[in-house]
Structure formats: structure tokens, C-alpha cells
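For clarity, chains are labelled A, B, C and D in written order, and residue numbers in each chain start from 1.
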């Protein structure tokens, strides 16, 4: 009843092409931004800020990156973690070797390095499609990790290959508490999400989707295949690279190459499939679902065994978690193959019509 | 129907709130139990978790805790994954009346991720037999405790053992040693020490990497067969270990010449290799066996009452299980030591436990008291030295069980300590840390 | 260069490739019949091997355990068809792929929940030792187990070929692989076919599990062997049984030769990615794999 | 036909001696014909005659083994799609090739991709020039939408549309590129009479309004004879007739091919 666009007329194309054309949505998003920018850092304790929200945002950014490539441009990739690794290790190197650069420029340059790697490993996409391409991106995944471990320069010759992120100081102001790190992460992620949204509703985004939906037709209307695919790889890897840099600097503080294994690539892929391919919102929902679900299950089982007063062997709990996690993925794929973002959309459409059935 | 559910829920919430309240008054010492019970390394995670928690249970029943302070814990699954490990740490660090006593991350990666967090939160990060080697320099890393023996120390002890077997350290001259390592941070860590020792003793070392997970090693062992080394150091983890032993058998390399690190030396590492494992030697900072008084007390006070952690009771007394008992003893004794200074019978904070750890001195008499003579090595910690032991025993697999074949062999601290200090100093410089002056610590 | 050593590496590599092929076969079967890229194949190998060894350790006779495990795999195949595939029919391949990843979690959790996570040794009665006569006469070390594994792989392929060629179900399977719609229209019940092919893949997983389990022990890490099979798949083509075999041989041999001869120059450990790069370079020449069908874009 | 706003002019496209084969199948054998400015040129022929292949060669989807294509004086051995689009060729497909995941509006907007000048950074920032450009093109696209009478389905995902409407959207997408040469592959296939009439009207209007040269494949003889200026007839990859509708109607080879005379 309260959620509808009746009475809101668009008098220009610009108004029609806003990100949130419906007023209630605009109010909602403003409220949400207020909450996450003001209320959360004020009220959230360390646990929520540094162990839940910060990683969630970082994973959402990585998922967003992968979504640009896989969801929008239709190129299946299993190399996400490798691009994140490039971002993390290059950010470390820029901060180490060019300390006058500053944090944000280092992140951007690290992202650009990831983009360059992305373009190189995106080249096969010009010939290879589908699962063949997916498996081919594994070459990137394994090669990049190998190279990071092998070339001492990248880890500044640390014996174990582990790097420790430098302190983050922006314009003389240190970002060292969980709340500040969270705010920094949130700002970067919000900004990049907005840019991605803009890009996806512009010509570039349409070209990506055209290539995804029917590459022959896209070429026929003049979309350059090579340029578009490589641009998708570059932008996607840039996002993943920045996410990787933040994973090292805003979240863990130290990283080893093994933090970026194939497992992580799969995890990010889950996020976009569960959240919704080809949807910015889906990247966030998916990231939330995949990062929070195991924790929720872990806490829940802890609570259950506490409640019942019987001690369930932890191996049983851990394995049950695994089973439920897998089963839920299958369940959601069956219920809504287009992801949770689509469910949200459907709910909104229903709400628009409510209380009338049609 | 609905109403009852609701009331139940309210009741539960109230109960939860009550227990939260109650914490403040009870004498409990909370220890996070963030381990892993699934995945490729589950045998290690579940065994160590079982040993540590069973020891706590035993102490709670037998002695009523530490001077009347009962040990409590909460389990958290890390899946050997950094992000999950950090989440567990953050979730559990404030539990209990005094917060987390200390934490065993049980993963080198998680340990690294917790170095700064632990230091800020004043919670000791205890990595027994893994983790960041140069953190043994307590002046730079006040809250990080790579207790007992670091990888570097262990490695020098191994070379010493080889020398003994060959009939003197001078016999190492011209010998060939292959370092077969897991392609990871953990695997690579001993390369510099080996290179330094190769120079010192004049042996020739070849580093050969096995890429993760290590379930294919044919190429590596063909190379080893070409080199015909006197010894092979196996620096494996998980499936890499049995695969290496099998591949050695296929290449016709004698297993008696393969010496593993302690993460390559549990029953779980050799049983899958079957007969191929017979004769293989591994280093250890703890031994296997259940005829030590401490393990028997666990049997008596915990398992006899059906309260043990291990579903498979035959694992009690295994290498991993006993390692968990060592984890447990270090934890409780640090708390006991802290209580001596900060108040007997009181729960200790992380900061107080840190003092306890730094002043821990478990000599032979102390160990005998714990029922752990020969079970683990004597430990003497200090403000500067967060390692404390540095000794290793060697054990050989006879096809059925691990047989101890050496006494505690000490490491070459003359070589290792300067390397640790140099590496720690570099870290301090990078991070802008001023090392503590240990002469001023009490 | 030492010629004998070169041949030892080469033959060893080829035989290792056979072990990869064993795993790749399971992928190919399912992809051919249902167009599903079954990521859970590795977990199925683990599940099968763990079930088998646990039964044996509980005192079951070897052959009886084999039969029981096979029955379990068939039940699993049917269950997967009913619970996972049927509701997802007509979904894009990536959705099905993701579902099989979900399935991986379920299978891994389930097998460890039922049988525990301890590793087991597995003896098939064939010692994994070099054949004396060969190493004495030529200096080349070849394990008799490798020869045995190659024999098993050959036998398996032969059995599969006979099954596809001469049984009614096999012919139906081939029809389905060629054209789902056409097969449906001549009255081949797709659902049954899928259940059957997943069961057959379960059988292949069991064989692969026994071979790999006998070599490295039955433990969680068995799930990782799927990663060894992937480059074989892209090289050989997702749809070709022959491709899985030939691809396995090429990958096995080139990987070992590279690790031994190129590895030391660049610091070793290149096995993790070398196979993928070989497969990738190969794909650039033939995007559909060695024996895959050529794709012509029709508009 | 009444006096045309854009009378038929010079030859703009000539196909010379083009042969194309897939493996052993000869799809086109030595085809030669030309297209004049502003005319409506039809290609007809039985199933499998090579009509679609011919269009695919003209705009570079297929690469012929032999022959040349001359477009506005430039000679190509094989055309590439991007180049073809840049030279003003747009087309529709036999089996609709719309971008299924996108709305009608977005589909048509893709037709203007070659006219967009802003780079992706400007687009991401959504700053002045990118925004103005987007709006300008939106306006142009709205004109096409009005022209094709599909205002009501602007925001609908194309996958949800009825077949006839999809065909119309596809034509709109091609028109959005403001082509000088439009290739239509069976624009009326599968339509009912009413839809066919509508589509005929659109095709003629396009030719009339914008002076677009049109090459079209069509099965419906009535339609072809009504709207085209000249017709090429293909059979088994060979050209068997070329001329005005009246000439074709009386061409014996064409009649044989269509009636299936025993050879």
C-alpha cells in the first residue's frame, strides 16, 4: 500500500534513468546509508565491525568484480582469488617501495596491476567459451599464486612468503581502529559500487550484456568483441584487486599467498550465483549469505547443544554445517536460479501491487 | 501452540541474559577452542582439540580447576581458513569473566592474522610448534608465543641428529641432503636455515618443492633418485606425507633416510602409506603413547565417565592427541603461574597470562609433578625468549607405532637466535615498533 | 642427457596420466549424457573410497564391500537425479554446475559424518614397488602398481565401450548424448537415463577411488584429485572418453617432463599450473579440445 | 508505386563471385549480384538455398573462401562484422538474435553503440558529457520506439515478449544505428497476416522515410513481389535468377526450382 509509484511522474529521460526511480526506494537507500555510515560504527562492537561487516564488504566488492565479468559480460572465471592476490601483494609493494604515494593511490595502482594480469589471462576468452574458459582461468589462479611464492621481490624476500600490511595513514590521519577501517572499507566499496552501477547502465554495461546474451549479434551491431571482453576482464580484475588490497590492509593485516586459494575463488563465485548474476545488489546479498551462513550455523549449533544440555561431538556439528551449507546452495538454486536479488525484486513487485492480487 | 513457542523463546533469551550476568561472579577461566574438525587437516585439528579439552576436563574433575578456577571453553570451527579463524577469535575474545585467556590458532596463516589483533587486545597468541618463527623474540612480539621449538630450531636439531647417525658432525661434509617441502609459507620457512647450515657444515642441500596439495610426487622423487642424497628432509603437511613415503618406495629410496618434521610425523601421516612407511623417522616435540600418568589420569577421570572428546577412543595417546595435551598443560600452567603473582584462585586476564607465560619454568621436577616426564621437554620461558625449549625427539615408525629412537636433542641456538633477532628487528623496523627492554620487565 | 632417465620420466608420466584419466572419465560420462559439469566428481571419489574402506575395516569381505559400495553409489546416483537434477532441468549449465558444487559440500560432510575424518591405508594386494627385473636390466624404475592401474583403466574403458555399444541402456545413453530433444521425442526416458549415468559415474568414481586410495591412502585429500582431472578434460574435450584417456597421457607426460627438466630452472613446483597452461595453449589452437565437436555459430 | 522520396540510385554494394563452404557442404557457389542505393532488394529461394549465408557473408559473420564484396567503392575479401557495422550495415536475424537478458530499451540502445564517444571512465563517473550523451541517444532511441510503435513495452525484458513484438524490437535495434544498408533475414516469418501487414508497412516506411537501402530475405512470395524493386533467386547455393519482380515471375528456372521439376 505504501510502496508504489502512483503519483510520481517522470518529466525527463534523466529522471527516468535514475538508479532508484521510485521515491520510497530513495528514502530506503538514504536510510540504509545513514545506518551503515553512522549508526553501525557508533553502535557496533569490535566483533561486528572487524569480523563481520568489514570482511562482508570486502567480499561484496570481490563479488561485484566477478559479477561484472561473469554476470554482466558472461565470461565464467575461477581466477578471482588470483586477482585479489595480485591486488594485495602489489598494494604492499607500492606502500613499501613508494611510501610517498599514500594508501588510496597504492590501492588504485594495485587494482590496475590486477587489471593488467586480468587482461593477459582474459586473452584466451577471445577463442574459448564456457567451461573451457572457466578451466582455463584456473591456469591464472595457480600460476599467479606460484609466481607470488616464487619471486622473492613480491614478498620483499620474506622467508615464508607472508607479508604484513603497513599502517594506513591518509592525509596524516591514521586508520587503525576497527571502526575506522570499517568506514574506509565502506566508503571505497560504496563508491566503487556506485561507479559500477553507472557503468552498467551505460554503453559499456550494455555492450557487456550484449556479448553475454548473444556474441554474434553484438558483433554485428558493431560492438568490438576483443575490446569489450578485455575491458570486462580489466574492470573486473581491478575490482577484485582493490578487494584483495583491502583484504590485506583493512581486514587481516597480514596475508600469505595461501589465503588466496581456489577455495576463495569458488566462494566468490557462490556469492554471485546465490546473490544473483548480473545484479549489483545481488553481489552484496550473496556476500552476506555466504559469509554469514557458516558463522550463523556454527553459533546456532553451539546454542542448540547448550540448550539441550547434551554435548554434540564437534566433528558432527562441523560436518552438519558443511552439509547444510551445501544443501542450502542447492535449495536456493532450485527455488530461485536467478539468485536472491531476483527474489527481492519479485517481492518488491508484489508489494507494489499489494493488497490487490493483480 | 504459537504462544508456547514464543514463551520458550523469551525464556531462552532470559536464560542467556542470566548466564551472561552470572559470568561476572563465577570463577572461570575461559579458553577459546578454535580448531578444525572438517577438511583435509581434520585429523590434526580434531586430535589436538580433543587432547587439550580432555586435559581441561581432567583438571576440572581431578583438581577442581586451577586453584579452584574452573576452565571453560567454547568451540569454534575455523576450517583452517584465515577468515573463519579471525571470526572465531573476535567472537570468543571477550567471553568469560576475564575474556580469552590465550588462544591457540592452530594454523600458521591464522597466527599471522592475529599477531596485531592479539597485541592490541592483550591476548597471548600461542602457537606451539608452528606460526611465525621470529616471534620467538619476545621483545618485538610481546604477545606472540611460538613455544617449545620453532621450525628453525627443529631444523638444526635434525641436522644434529643426522650428524650423530653418521658418526660426527664432520661427516656431514660433502653429504647430500634434499629438502622436500610443501609449496606454502610453512614449507618454505626453513630454507634460509638449511642454507646457512649447509655452509657451516659443508653439506650440499637441494630444495625441491611439492605443489599443494602434494598428492602427486613422481617427478620430485625421480629427481631425488638422480641426486641419490644421504638424507631427505620431509617438510610435508596432510596428504603430502603418505604420498611422499609411497613415492619413495616406488623410487626405491630407503625410508630410514627420510626425516620428517612434526607435522609429518603423526599416525595419520603414515598409516595411509601402509608398509611403505616402515622405517621412516620424524621429529617431535611430544611423543605418542598412553602410559604416561597424565594420559592415564585423563582415561580415569574423563573417559571412564564417558565424557571424553574423542569418539574414536583408540586415538587417545596418539601423536596429535598428546600434542593437544601439551597445549593444555602449557595453557593451564601459564594461568597457574599468573595466579601466583596476580591472585590465587582468581580468573586471569590475557595480560596477566602473558606474564605467566613469560615466567613459566617447567623443569623436570615440574613435569614429573604433572605426570609428564619424557612426555614433553622442559620449558623455560623469558621476556626475550618466547620459544623456551628448542629440543626435539626423534621417533621411528615400525609399521604399528612410533618408537622413540633418541633423547631430547637440542637445537643450535647459536645459529638460530641471531637469525630470529635479525628477522624480528626487520619486522620492528617495518612496523615502527620499539622493542621492549627486557631488563626492565619484572 | 641421460636417456634411460628421460624414458623413466616419460613412462612414469604416462602412467601417472592414466591415473588422471580415471578421474576424468567420470566427468566425461556425466557431461556427455546430461551436459552437467559435475564438480562433485572428486567428492564422489572420496565418498566411494571411504565407504569401501570403512566397510572393509569393519570386517566385510573385499568383494562384498565392493558390491555394497557400488549399491550405495547407485542409490546416490538416483538420489542426486531426484533431488538435485530433476528440479533444475532446463536451467543454464552454470546453475547446474553450481548445484554440483553444493553437492560437493554435502558429500564431503556426509562421508566424514558417517565414517569420520581419519585417513586410512588401502591395500589392493599389488605392492607399489619398482619391478626388479626391469630396473636391473635397464635401470628404469617402473612400479608394478602403475602397470596394474593402467590395466584397470584399460579394462574400465573397454567395459564402458561395450556397455555403450551393446546394451539397450548404453544405446539410449548415446542417443541422449547426441541430442536430448530427439532422444526425448523417440521416447527415451531422460530421467532414468540421468540416474543411470550418475550411477555409472559413481562406479567409475569407486574405481578411481580404489586406485588413488591404494596409492596415497583414503583421506579427504582424495577430493583434490578432481583438480588433476580438469586440464585433462579441457585438453581431451568434455565429451570424449577417448579424449579423457589421450588427454591424461599427454598431461601426465608433459607435466612430469616439465617438472624434471624445466622445474629446476624456475624454482620448481610448476606442476600446479603447468598442466593448465599446456591445456590452455592447446585450446587456443583447438577451442573445442582434442576430440570435442567443432562448434559452428549458426545465426 | 507512387513517386519516391528517395529514387533508386547508384550501385552501393556489389557481391562478386562469392563462394562459401562448410567442410564439404557448398553453401554458396560463385554468386554475383549488386544492390543500388535506396532500393529494396529481395533474396529468395527454397530452404537451404544459401540465402542466410549470403547475408552472413555481406556483414562479415561468415568468411567466404572466394570472391569479393564491394561496399561504396571499398573492396573487401572478407568483411568483418565490426567494419560492416561501421560502414552503415545493420541487420536482423532469422531466429531472433535479441539480447535476452536486457529490456527493450536497452536492446535498442545497443544499436547506437557506434555513435557513443564517451569512454568507460566518464560513463562510470556519470559526469556531464557521458550523461548528456546518454540522454541524447535516449532521445534518438525514443524516436525509433515511437516509429516502431512499441512505447508500451519499453521497460519489458525482451524474453517476455511475443514473437511478433520481438521481431519488431529487433528491427528497431537495427534502425537505431541509422543504417544506410539494412539486411533483413525473414522479417515476417512466423507472423500472422495482420502482423505481416504491419511489418510490410514498417519496411516500406523505413525505405521511404530514411531512404535506407534494404536487402531482404523472405519466403512469402506475395510480400516479396509487392515490396521489392529487384529480386535475386538462389537455389542450392547458385544464383538462378535476378531481375524485377515481373521478370522473376516469368523466369523458367525459377518456376522449376519452386515447383520442383525433375532435373
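Details
Please note the rule applied: a contact is a pair of C-beta atoms (placed from the backbone, for glycine too) under 8 Å apart; a residue touches a chain by one contact, two chains touch by 3 or more.
Worth saying up front: this structure is predicted, and the values here are computed from it rather than measured.
Touching chain A and chain B together: C.
Ranking all chains by how far their C-alpha centres lie from the centre of chain D, first place goes to B.
We define each chain's centre as the mean of its Cα atoms; on that basis chain B and chain D are separated by 72 Å. Per-chain Cα centroids separate chain A from chain C by 33 Å. Chain D has its Cα centroid 48 Å from the Cα centroid of chain C.
The distance from the centre of chain B to the centre of chain C, with each centre set as the mean of the Cα atoms, comes to 37 Å.
Contacts with at least two other chains are made by residues 146, 149, 216-217, 315, 319, 321-322 of chain A. Multi-chain contact residues of chain C, defined as those touching 2 or more other chains: 108-109, 112, 116-117, 267, 269-270, 272, 297, 299.
Among the residues of chain B, those in touch with two or more other chains are 37-38, 42, 46, 183, 211-212, 311. By the touch rule above, chain C contacts chain A in their complex via residues 37, 83-84, 87-88, 91-95, 97-99, 101-110, 112-113, 116-117, 227, 230-231, 233-234, 238, 266-267, 269-270, 272-273, 276-277, 279-280, 283-284, 287-289, 295, 297, 299. Residues of chain D touching chain A in their complex: 59-61, 81-82, 84-86, 90-91, 93, 97-102, 106, 109-114, 116, 118, 120, 123-126, 130-131, 134-135, 138-139, 142, 173-174, 177.
Taken together, the chain A residues at the contact with chain B in this complex read 46-47, 50-52, 55, 146, 149, 159-162, 164, 166-167, 251-259, 261, 263, 291, 294-295, 298-299, 302, 307, 313-315, 317-319, 321-322.
Here chain A touches chain C in the complex through residues 76, 124, 127-132, 135-136, 138-139, 142-143, 145-146, 149-150, 216-217, 262, 266, 269-270, 273, 277, 315-316, 319-323, 325-330, 333-334, 337, going by the rule given at the top. Chain A meets chain D in the complex at residues 13-14, 17, 195-196, 198-199, 202-204, 206-207, 209-210, 212-214, 216-225, 231, 235, 278.
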